[in-house]
């Protein structure tokens, strides 16, 4: 394995429709474990992930396994071993479940393996029974499963996962959390998540973003145990906290 | 304050345009002579009518997002309708025009009611199909009504003398300008009205409109019929200006031309539609002169052949605008203005 | 039942079959005026489908829907909306290129009537716009009023949908996962908005996977499973149900049925 | 700068030597550019011939301006209005009927002289006092076709496209040959059709004594092959108008089985004036063709009109009415009553000439015998 | 009886011709949602260049025709590739503009072709067999009808195989829906778009050369005049369904032949009516996926 950090982001800025929404963000993702990106709505979490992949206009440095990739096209970056679970599921509504998954298959090193396929089958048995259904007619939660499955099919170097538990039933939230925990044993994950229980279950480190800037980085525990910090950075009030 | 200024500017422009037939201004390269000459007035009048027609198309496409390939049908309904009524009956001009307008509205209502049952490219195709049917009928000259590909001349008996003959071109010019102003105001009115806002909402998201209790189908039908009736009005004015109806104005190509104008000017912009239409008309009418000029004739074949084909130049211009000027001329103007203005406060958090 | 007076929404024997697949079947549910009913169930259980049938996006293959005693089974979406039914979507559905304020204003204008009139003009500062401004303030989007709705971040779109609902002033409100994607810190605020909607006499049906939110708000909880209505009862009883425990809540998850705030 | 109050700046001053402007509106580009070119070459040759190479008649210098209408009536009307507005009293040209009719309309509205070009539409004849023609019209084609059989009791089938051109031809055949005792029926094919084999068979099944074919456009070649494939050309006399040089190849192997009536092909007339025209056109680098005489004749008519009545449209019209002159096709008369242009027509055939085809004269048809019926009213 | 056979046989042949013209259009429209107005120009260009190449070997020979077909297809593919790279690709997220650019291109190229080859149709020399007929139950059926049906079937089979045995169809359908997401799966969607456009262009070029054999002419306008039927056939057949386009081609052509012959030349009107009817009853076309 190369250096300790699989992903390094230095001075990354992102622009959408001519407006800078992420300003000079720097952080790194170690070669193991889960790094969670937290923040309130609209602060730029999603945009940061998309900037790493080159899906939005960006400037700054992005290093994958120590190699600069910020000049490359998205598909090249992905083929270097980046799995992406987008925020709004973004399944191909007009394609069937099977076609959605087939599209995610990658050949060659870092591509799809039998083990990964087995893992996906085990995690989401529902998808196999719905293989011929058009993804657009799936329930919200089922779409989320397709989206996760597409990323988990390949032997990636890193996963970028944006709010994976959104809209999932509590039982599935638990299962997805377990799946990600299992995946995290072999591949590092950069995770955006609002559900603090899931963060608590998975995250080793956190990066907190506000107004397009990194305002806090550190071990996950430090943040979650500090009600004051939670209140200040994420606006989580004591009473909501109590609901946990 | 700002609004009064734009209003005054618009009024000033209008007065200037209205006075053109009384002035002797040369616009070399654009007009064939001085502004008061019939040739120039004819070209300008043609510009105004085309602009009015483009505005009616803007109502459909820009406001309601309805890409019709058959808008020419209602324009042709105006030209042919009026030509036939004047040719076959003794009804005087104004009642005849009213009659044709009612007919145009009825036609639009029926065709709209059917074609609006589908959306997107399918809608474009159904409207195309209906317009094509109209075109076939016009060209086949059933019952000797339309004159086939030879067109139908204006029966001048029922038309006031002031609108006949080259000496009266300036009257026709004023008529065309009046039609443009009328159509512009109607379009502005519709856009600003509640129905207009609802139409924009339908363009954006039909399901959402239904969820808030709106009726997308009805909204679209209203806009469709309004746009079509404006086209019918313009068609009638066109008949008077050209002293005849020609089957070319009933073709799908003609609708495509409207689309080209609206896009040249900038989809969604009223001024864009006007400017696009005027530009297109001037280029279409005058590029031929450039193409046959001595300057072109002296060039080597690789340059001469393309340059001597007006449609080639126009098509190429159009492609360049689409690729390099997103939002058309109106979009470009806006960007230019924005660059001059200081950047507004309040970048999103 | 609970807070409810006379029944305002009645669903009887409602079912939907698509291409031989039974998506929903035999749903009987009566909701009283002013009630807040939570709808839960595993992913794909048919919750959104139920909403689609009630709001008229789909036509049922069996059963009836009564709104305030009136049979609306065959009525269009728009007719139901005008009869006082409002809803949000699981995936935000807005007018993306219109401004945030305009998104809300169109709803207030529609409600005030004459929305297809070519004779009246909406203006800044008229009653409809003033009301729209108010609703934006309620959900905390005032600062984004002039942004295009499509440019909002995910969470902000959810808030905008609620504002539109307020503007529609519907007597029955269907919320499909209103909290999905909303920042943890903003959940409490939005809960209060929903509570206020309900407190003003409106009937609310809410699909939501955040159990703490459901338990904190709902008078009754309906559970869907495999397209059938498993039970509909007060939260405590539902939470105690074993099928609910195993099929929906799971045992491994962090979230458990616990005391709500 | 202010505009003059009246736009009537016609040069009606009687200082006899004022130059005269002639505006030609024709297809320099567009689908009929080839016709346009022939017309223009003919016009230039005719002008040279009629003015004795001076470009001047009766002291009036003739200034000709050419305008491209691209076959589009809208453009043509704009140009006509521009020219009339600039004081032009003489317009000529256009090769398309759809353009000629609106121009005739402008001529009437504005009382200017208009000499139409190759447009064949019959309604142009007698349409108004100010419109003349320098070419032939469909009725003359049809009458020429009638010379191939004895119309009395003959079974004539018109095979044409179902458009104004085809219907016009059918009406003309009914009028001319029907009048002479022929039994006329028709097979009309949709204008845009690309596959008409079954129609060819229908023609065959009609067992006609003569089939008159009126066809224009790109599908001509396929149409002839269709007739030939179904055996029509072997069974009956098939007559059609011989078009311009570019169409000679369209008949393929069928060429020798078709009887052609003809308005003109280079060498058909054998008159002195024709030789003058051919030499002049060739000297100028042009290629004489079907519509070259139309331009030539237009120039002859215009020069005559100027000579007799420059500056006064009514006088020019009067001068042309009944004017008989030696045109390239021979003796040519502008019929006074309706401005029909009475002229000789030809019977021709195509013969193989290397790997192309060449026309060969069969017979000259006297102009009077194929003159259209007079338009009254 | 023999008239009916003739009507059906020539209708079938005409259907083959329509399909040849429509196949590339339907492929591009169905997959990419781009209604390619310049398709007619690819066709015309393929026809001119293909015939010119064929004439080098010998006009009216089978060898010449074969070479013409190959060169026509290559020309069409090259033109389409250039169009995709130069005009379509820069506009990938602007759907309507893509259609508009092809409108502009069709206007410009038809004019350019007129400038180069003149506005008038030129006749073509065909191999002797193609210019003659075969007797079928007393009807003399033009041999081009057989050629068109055969060629249509081959093209249909070829394109269907291309879509079935490669991933390109899938990639493009997904890419049209959400281009960014396809790249985020590590797929170079741009190459796929170019390739499919090229295949569509090749079909156009091939169709162009074959069309000259039935039409018996080649002209700058031939593409445009065939295009309208290609549009209609594509839409009736159903978005994205090549088989649908094939079925629609035959239905439209046969119906047109019958209506023209028996119903007073109303073929075009009937076809328009059919289009309106199909779209109203089945908005997604005969075999199209429901929207």
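Letters are used for the chains, namely A, B, C, D and E, taken in the order the chains are written, and counting of residues starts over at 1 for each.
Convention: a contact is a pair of C-beta atoms (placed from the backbone, for glycine too) under 8 Å apart; a residue touches a chain by one contact, two chains touch by 3 or more.
In UniProt terms, the chains line up like this: A = Branched-chain amino acid transport system ATP-binding protein; B, E = Branched-chain amino acid transport system permease protein.
It should be emphasised that the depicted structure is a prediction, and the values quoted were computed from it without experimental measurement.
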{"item": "Shortest walk length in steps over touching chains, subunit A through to subunit D", "value": "2"}
{"item": "Between A-E and D-E, the pair joined by more C-beta contacts", "value": "D-E"}
{"item": "Chain whose average C-alpha position is farthest from subunit C's own", "value": "D"}
{"item": "Centroid distance [mean C-alpha coordinates] between subunit C and subunit B, Å", "value": "45"}
{"item": "Subunit B and subunit E: spacing of chain centres that average the CA atoms, whole Å", "value": "32"}
{"item": "Subunit B-subunit D separation of Cα centroids, rounded to whole Å", "value": "35"}
{"item": "Inter-centroid spacing, subunit D versus subunit C (mean Cα positions, whole Å)", "value": "76"}
{"item": "Subunit E residues counted as touching two or more neighbouring chains", "value": "114, 265, 268"}
{"item": "Subunit A: positions in contact with at least two other chains", "value": "42-43"}
{"item": "Sites on subunit D at which at least two other chains make contact", "value": "29, 162"}
{"item": "Residues of subunit A that touch subunit C when the two form their complex", "value": "16-17, 39-43, 46, 87-88, 126, 137-142, 144-145, 163, 166-175, 177-178, 194-198, 200-201, 234-237, 239-240, 242-244"}
{"item": "Interface residues, subunit A side, partner subunit E - complex", "value": "53, 55, 73-75, 78-79, 84, 86, 90, 92-95, 99-100, 102-104, 106, 150"}
{"item": "Sites on subunit E touched by subunit B in the complex", "value": "33, 35, 37, 87, 90-91, 94, 96-97, 100-101, 103-112, 114-116, 228, 231-232, 235, 239, 265, 268-269, 272-273, 275-276, 279-280, 283"}
{"item": "Touching residues on subunit B, where the partner in the complex is subunit C", "value": "189-190, 192-198, 200-201, 204-205, 207-215, 218-219, 222, 226, 348-349"}
{"item": "Complex contacts: residues of subunit C adjacent to subunit A", "value": "18, 40-48, 90-91, 151-156, 177, 180-188, 209, 211-212, 216, 247-250, 252-255, 258, 260-261"}
